[in-house]
Amino acid sequence: MGQPEQPDGPEGAKPPLRVGMVGYAFMGAAHSQGWRTVGRVFDLPCRPVLAAICGRDAAAVRQAADRHGWAAAETDWRVLVERDDIDLVDICTPGDSHAEIALAALAAGKHVLCEKPLANTVEEASAMTAAAEAAYERGQLAMVGFNYRRVPATALARRMVAEGRLGALRHVRVTYLQDWLVDPEFPLTWRLRKEQAGSGSLGDLGAHIVDLAQYLAGERLAGVSALTETFVRERPLPVGATSGLSATASAGTGEVTVDDAALFTGRFTSGALASFEATRYATGRKNALCIELNGERGSLAFDLERLNELSYHDGTEPGTHAGFRRILVTEPDHPYLDAWWPPGHGLGYEHTFVHQARDLVHAIAEGRRPEPSFADGLQVQRVLAAVEESAEKNSVYTPIAV
Amino acid sequence: MGQPEQPDGPEGAKPPLRVGMVGYAFMGAAHSQGWRTVGRVFDLPCRPVLAAICGRDAAAVRQAADRHGWAAAETDWRVLVERDDIDLVDICTPGDSHAEIALAALAAGKHVLCEKPLANTVEEASAMTAAAEAAYERGQLAMVGFNYRRVPATALARRMVAEGRLGALRHVRVTYLQDWLVDPEFPLTWRLRKEQAGSGSLGDLGAHIVDLAQYLAGERLAGVSALTETFVRERPLPVGATSGLSATASAGTGEVTVDDAALFTGRFTSGALASFEATRYATGRKNALCIELNGERGSLAFDLERLNELSYHDGTEPGTHAGFRRILVTEPDHPYLDAWWPPGHGLGYEHTFVHQARDLVHAIAEGRRPEPSFADGLQVQRVLAAVEESAEKNSVYTPIAV
Amino acid sequence: MGQPEQPDGPEGAKPPLRVGMVGYAFMGAAHSQGWRTVGRVFDLPCRPVLAAICGRDAAAVRQAADRHGWAAAETDWRVLVERDDIDLVDICTPGDSHAEIALAALAAGKHVLCEKPLANTVEEASAMTAAAEAAYERGQLAMVGFNYRRVPATALARRMVAEGRLGALRHVRVTYLQDWLVDPEFPLTWRLRKEQAGSGSLGDLGAHIVDLAQYLAGERLAGVSALTETFVRERPLPVGATSGLSATASAGTGEVTVDDAALFTGRFTSGALASFEATRYATGRKNALCIELNGERGSLAFDLERLNELSYHDGTEPGTHAGFRRILVTEPDHPYLDAWWPPGHGLGYEHTFVHQARDLVHAIAEGRRPEPSFADGLQVQRVLAAVEESAEKNSVYTPIAV
Amino acid sequence: MGQPEQPDGPEGAKPPLRVGMVGYAFMGAAHSQGWRTVGRVFDLPCRPVLAAICGRDAAAVRQAADRHGWAAAETDWRVLVERDDIDLVDICTPGDSHAEIALAALAAGKHVLCEKPLANTVEEASAMTAAAEAAYERGQLAMVGFNYRRVPATALARRMVAEGRLGALRHVRVTYLQDWLVDPEFPLTWRLRKEQAGSGSLGDLGAHIVDLAQYLAGERLAGVSALTETFVRERPLPVGATSGLSATASAGTGEVTVDDAALFTGRFTSGALASFEATRYATGRKNALCIELNGERGSLAFDLERLNELSYHDGTEPGTHAGFRRILVTEPDHPYLDAWWPPGHGLGYEHTFVHQARDLVHAIAEGRRPEPSFADGLQVQRVLAAVEESAEKNSVYTPIAV
C-alpha cells in the first residue's frame, strides 16, 4: 500500500526492466500482481520495476498506483509511452485502444505486452504485427497476453502434445462458458458495446479458446463454420464505473451491439476436427474454459474451474487398467512449479500473470521473440474474423486467411 | 436357459402381449432382457410373452432363442410377421431392413417397436410413418427405440424442463463420444458400410443425441450447419460374425463408406443454440453421451457413463450457496424408480430396455400413441438428412424440412 | 408375471439346480432377479430353476412367487428345506433366523446360500460354519451373500491387489454411509431391533465393509478399537409391512435397541492400518460404500454410488504424468463383463446378485468351496463382536478371536 | 527482488505494522507472500511492513530477505525480538523453538503470529497461552497459524454451520493424506525427528485437521481413541539443507522417531462422532485434507486439493431434486472474495496466508483477540496429547483435558 517498488537495494546489480502499464481495472490489477510477484518467486535475469501506471481519471489512477505498488501515475498514455524511464509498455485497456497505444509504444522504442484480443479488427492487428516485426529488428519485443497458456496444467498439456503423446489428432472440443449475462437486467457495460469491445463472447472468450486450442494442438485452424446470437438485445445503461464483470443498472436502456454467444466448428490443417462455444449465458458455469483433445494415442482434458488438474488418457496402455487420470499439476517438474509450493498445494488464476511476466522477462533478457507473438494474436484475430464472416454468410465454411 | 416364457400360470388372467423379435445380436439381447424382466418388476396391464425370435442363421437363432428365453425361432421375418400368435414385432436389425420389416408388420396388423434410427433414409422413414399413421387408425401402435429417453435421469430431466425449471432455453450442447474406431486396424463391420448402416457416427450416435436433445428441450431443431469426416478410409475386412462393437480382422481391406465423426451446430425453434458431436475416435471415451441444457432459470447436465446421476443448477437460488448439484436418481419418486431398489442402489444400461417395454405395454393397453412415435423418428431422420446436406454444401445452414 | 421358470425346454440336457428361497422382501427380489437372469447371460454348467419361494404370509408369498417367477410357494421354511425337488436353499430372511434355517437346510442335504450377516451372534455363526464343514464332506456347499465382492470394479480391485499392484499395504479406509435414519420420525423397523437385526449399522453396513476390506486386502484384521452410538433412542412404531428401507409411522413409539453408527480403527495382520465407519445418519449419502487402499506401489479407490468405476493410482509411474485414473470397469476383460454389454454400457446394483449366482453355480458344478464361505462369514462376525466388545470397554484395542 | 517494502509513500498516513519474521523456509516464503500481498488486495487499517527476517545462516537469510522483500536480515532471533522497530513477530520455525521465541517476543512487547502446531508439548503451549493472556492485558495480541481456516471455502463452511444449516451434528470425518514418505529411501528430515518436530503426521497434519474440525463444528472434542504407527523406522540421513518437503539422501541412516500415521476416533461435546486420519503414506494423495460434516439438516464436504469448491447438501430440500452441490467459492459474497477476481477465477494455497495476515491486521487495529488464539492452539495440543496417550494405552478412550 503506497510504497512503490524501488530499483535500488542489494540486488540492484541486476538490470531493471521498467514497466509502464496502461489501464488499471480487472486486467490492471492482475498484471500488477504479476509484475510485483514474479521476482519474488522466480530467478530472473533482470528486475521488473513497477515504474508507472496510466489512466484517464487522475484520482483513480493515483489510488491504483498506491494500491498496486506503482511508483508513478500518469493520465495520458502518450506521455507514458514517451517516458525515458520506461522499458516496457503493458497495455490493459479495452480492445479499441490497443492498436494506437501499441503502435506508439513500439515507435517510442519500448517492448510491449498487449492484453488479448490483440485488436478489435484484423486491420489493426495487422498494423500492430507489422510494427512489431519492424521493432524486433531494432531489438524490441512484443507479446500478446493469452495468459491461459501459462496455467501449469495447460503448459504441461502442450508439452505432452509436443512429445507425441496424443499421436495424430482427431478432435479438439472447447467451450468457454460463463453466466454473468443470464439476467436480462445486467447493465450494458463496455464489454457489450461493439465500438469498445469489438465483439462480445467471441472476442472476450472466443479469442482465449482459439488461441489455447491452436497452442495445445500445435497447429492452426484452416477454416470455420459459425453461428452467433444476441439473446438479449436491450439492456439497462450502467451507472458509474464498472469493474471486473460487475456493474450497477440505471433506468435508461441501450442496445447490445455484440454477440452473446458464438458457436463454431472447424478443421485444423492436419484434418482434425474442432468445435468451439463461447457464451455468457451458461447458467451456473462461472469460468468453464474446458478443452479436450483426442488423438490416436491419447487424450487430454482441462477445465479452468479446476485449474490445478489435467486429465490424461494414455491410449497405448492395455484397456484393462486404462482410464482418464487426474494429474494434480503441482509437482516440481511440472511447468513453473519448481518455484512454488510442495506437491498438492495448488495455484490460482492470478499466477498465470506471474508466469506470463516470467516468460516475457526471460525473452527480453535473451532477445528472442516471446510467445504468443503479435503474429499469433493477428492469426487469432483472423480466425475470429472468419467466424464473424461465416456467421453472416449463413454459416458457410470459411477458410482462415493466411 | 432353454425354457421359454410360458403364457399360462397364476397370472394367466392378464391378457398376453405376444412379442416377435427380428434380430438377435447386441440389440436383440438387450430387448430380450427388457421383455423378460419388465413384468417381474413393474405392474403391467398385460403380460409380455417372448413368443418368437427371428434370424437368418437357423442354428444361431435357435441358440439365441434358448439363451434369451424365446418360445420359438424363425429364420424368415416374413413368416414371423404373419404369425397369428404375434401381437407386436420388435425390429432389432440394421437400419437397411427396418422399413421393409416394419411396413410388412404394420400391414399384418401388428404393433411395431423399431430400433433407432427409424430408417436409413427420409424416404423410408416417411413411408413407415405414413403406414404407422394408417395403422393407428386400425388400433395398431408404433414406437421407435430411442431408449436413452428411458434412463431415469433423462426422464427426470425432461420432467424438470417441462416444469419450467430451466426457463427460456439458451444452450443445448451434446456429445456422444466413443473410441472403438481409433485403431485403424479395427475391421470393416456392417456399421461402417453405408448400404447397411445408412451412415456412421451420425446415424448410430447422432440419431440418439438429436432425439434426446429435442426430447429434453421439448422443442425441435430448426436448422443445422455441419461438418463430417472419415478419418480412416480403408480398413481390414472382418472375419466371421461380428457382435456388439467387436470383430476380428482379415487380410483383405475394404472402403469405409460412412462418416467417422459428425459435428453440427443448430438453432432450436425458440432460438436456443445447440451443438452436437458424434464420434468413435474420442480416445478413452467409451460411451460418453453428455448433454447440458442452459436456461434462464437453471441448467441440467447428464453423462451416460454415470447414468444414475443428474446434475442440476438452480439459477433462482442465491449465488452464495448455489452450485451444480449431483442428484442421485435413485429415489422412489424418480421416474421408474418406485419399482426398483432402495435409494443409492443404481441401475444400468439394460434397464432402459425394461423401461421402454414398460411404457410401450402401457401405451398399447391404453390405446394411445407411444413416444417416441415413428413421426418422431422421421423428424430425427430429417435432421440427420439436413446434417448430411449441410456437410455436402460446405456447412451452409440448412433448415430442417417439416 | 405368473409363469414359473420351467425345467424343460431345449437346454433340458443341462442338469437343473433347483433353488428354494426363504424370504421375499428386498433381498428376495434381488436374489430372484439373480437366479432368473444368470442363465440368460452367462454360460453355465447347470440350469438354475426357481423351484419354490417361502414366506409366512400365504397370499403375499403367492404374489411374490408370481411376480418373481417361482414355480411354487411355501409358507413354512421347514417344509421347503425338506422338499426333495430342492437342491439349494437361498436364505433371504433377517439375521435372527439364518442359523436355524441354514442348519436345517444343511441337515436336509441342501446347498445353502445365506444372506449376510451370516448370523446375529458368533455362536450361531460358529455352529453354522461347523455344520457347513461337515456338509462339505458330504458334497454340499455353503456360501454367504457378501454380494459387493461381485461388483466388477471390486472384483477387478481384488485381482489387481493379488497381482501385487499395490505392494506392501499401508492403509485401508472404508465408509458405508446412508442417511435413511436422519429423520427422527422414521419408524422403528425390524432393522432397528436387536432381537431381529442383531445390531444396527454395524451388522447391516459394517458387515459388508469388513468383508470387502478383508477381501480386497487379501488379509484379515488383527484387532479393532471402536466407538458406537445410538443418536435417536425412541422412534414411532411402524404401521403394517415394511419393505426395503421404507416404512410408515404410527402413533406409538418404541426403543431403538441397535447402534445407529459404528466407527472403528484397526490393524491388519500385516501391520496395515484400517478405519471403518458405518452409519445411517450421513445426510445426503445414499449408499456411499467407499473404500480406498494405499500400498507402497499404488492405490485403489471405489465408491458404490459409482459402481462402474474403479480409481487407480500407479505409484510406480513417474510423478509427472501420474494421477488417480478412473477405470470404467466395462471392458470385456474385466470380471464378469465378457457376458454383458459393450464398453461404457454400465451395470447396476442387481447385477451383483447375478454374478453371485453365477459363481455359486460354477462352484457347485465343480464341487469346490465357494467364496465367501461360512467360515469367512464367521470371521466377519468375530470382527463385529470385537467391535462391540471394544465399544463396551471404552474403545480399548480388542484382538479378533481366531 | 532486492528492494524492501518501504514505510513511506502516499499511503504513509496509515500507521505501519512492522513485521519481523523468524524462519525463511517453506513457511517463511508463504508468510512473506502473505505480508507482501495483503495490502495490495485488501483495504487495511494499517500498513504491514516487512521489516526484518531472521535465520541462523547469514548468507542464506540475506538472500531470503532480498528474495522475499524484507528490509533487514538478522541471524539471532533474540536480537530480532528486541528490535524497537518491530511490532509483530511472525514465527515460522520448527515447533521445538516456538515456545522460546514466542515467550521472548511477548515479553518484549510484540504481537505474535506463531505457526502451527503452537508447540511440541502441552507444557510449552500452556506457558505460551498464559504469556499471551498476560500480554493481552498489555494490548498485545497472539495468534496461531492454522491457515486452513482462511480458505474461502472453509470460511464459508464455518459460516453455514454457524447459520444452523447443518442442524444437530452427527458426524465429522476428516483425513489429511499425503504420500511423500511412501518411498523408504526418502531421507530423515527434521520433520521425522521427535526432538524438532515433536511428532510426525500427528503434529504436522493432525494438528491442522483437529483445529479445522473443531472450528467448522463450532465445538470441541471431548475424547479420542487412537492408533499410531511408524511404518519405516530407519531412513537415510539427509545431505545438506532440506526445504519444503524435499531432501537428498546420504549413505548413513538414522532412526525415525515420530509417527508415520495417526488414526483416531472421537466424540464432540455434543455427542457427534468424529474420525481422523493423518498420514504421509497415502500413495497418490498429495495434499488431501478432506473433511465432511453430516448434520440433521444438511452436510458439507471440502477437499483441499480442490480448494475453490465446497460441497453442500441441503437436507431440508425435497429429495427429488436434492444432491450434493458443488459451490464454486469465488463469488463476491463469499469470505475474502470481494477483494479478488470475478466469479470462477480461483485462488490458490498461498492466499490463505494473505487472508491470515488480513484478519490479524484487523484484529490488531481493533485491539480484539484474533482467532485462532494461543488458547485454541493449546487446546489442539491437548487433543494431540490425548491421541498420543490413547495410542500408548492400547487405544483406550481418553478424555481431552480442559
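For clarity, chains are labelled A, B, C and D in written order, and residue numbers in each chain start from 1.
Heads up, the rule we're going with is that a residue touches a chain if its C-beta (ideal position, glycine included) is under 8 Å from a C-beta of that chain, and two chains touch if they have at least 3 such contacts.
Going by UniProt, the chains are A, B, C, D = Gfo/Idh/MocA family oxidoreductase.
Here the structure is a predicted model, which means the values were calculated and not measured.
Novice: Contact counts by the stated rule: is the higher one at A-C or A-B?
Specialist: Output for the comparison: A-B.
Novice: Please identify the chain with the largest separation between its CA centroid and the CA centroid of chain C.
Specialist: Relative to chain C, the chain with the farthest C-alpha centre is A.
Novice: From the mean C-alpha coordinate of chain A to that of chain B, what's the distance rounded to whole Å?
Specialist: That gives a centre separation of 43 Å.
Novice: Can you work out the whole-Å distance between the CA centroids of chain B and chain C?
Specialist: 34
Novice: Can you work out the whole-Å distance between the CA centroids of chain A and chain C?
Specialist: Spacing between the chain centres: roughly 55 Å.
Novice: Give me the residue numbers in chain C that touch at least two other chains, ranges are fine.
Specialist: Correct list: 285, 313, 322-324, 328, 343.
Novice: Can you tell me which positions in chain B touch chain A when the two form their complex?
Specialist: Within the complex, chain B touches chain A at residues 166, 170-171, 173, 175, 177, 179, 182, 184, 225-227, 229, 231, 261, 263-267, 271, 273, 275, 277, 279, 281-285, 292, 294-299, 313, 315, 322-324, 390, 394-397.
Novice: In their complex, what parts of chain D are in touch with chain A?
Specialist: My answer: residues 1-12, 14, 26, 30, 32-33, 36-37, 39-40, 44, 47, 62, 65-69, 178, 180, 244-246, 285-288, 304-308, 328, 330, 332, 341-351.
Novice: In the complex, go through chain D and note every residue touching chain B.
Specialist: For chain D paired with chain B, touching residues are 156, 160, 312-314, 319-328, 331, 333-334, 343.
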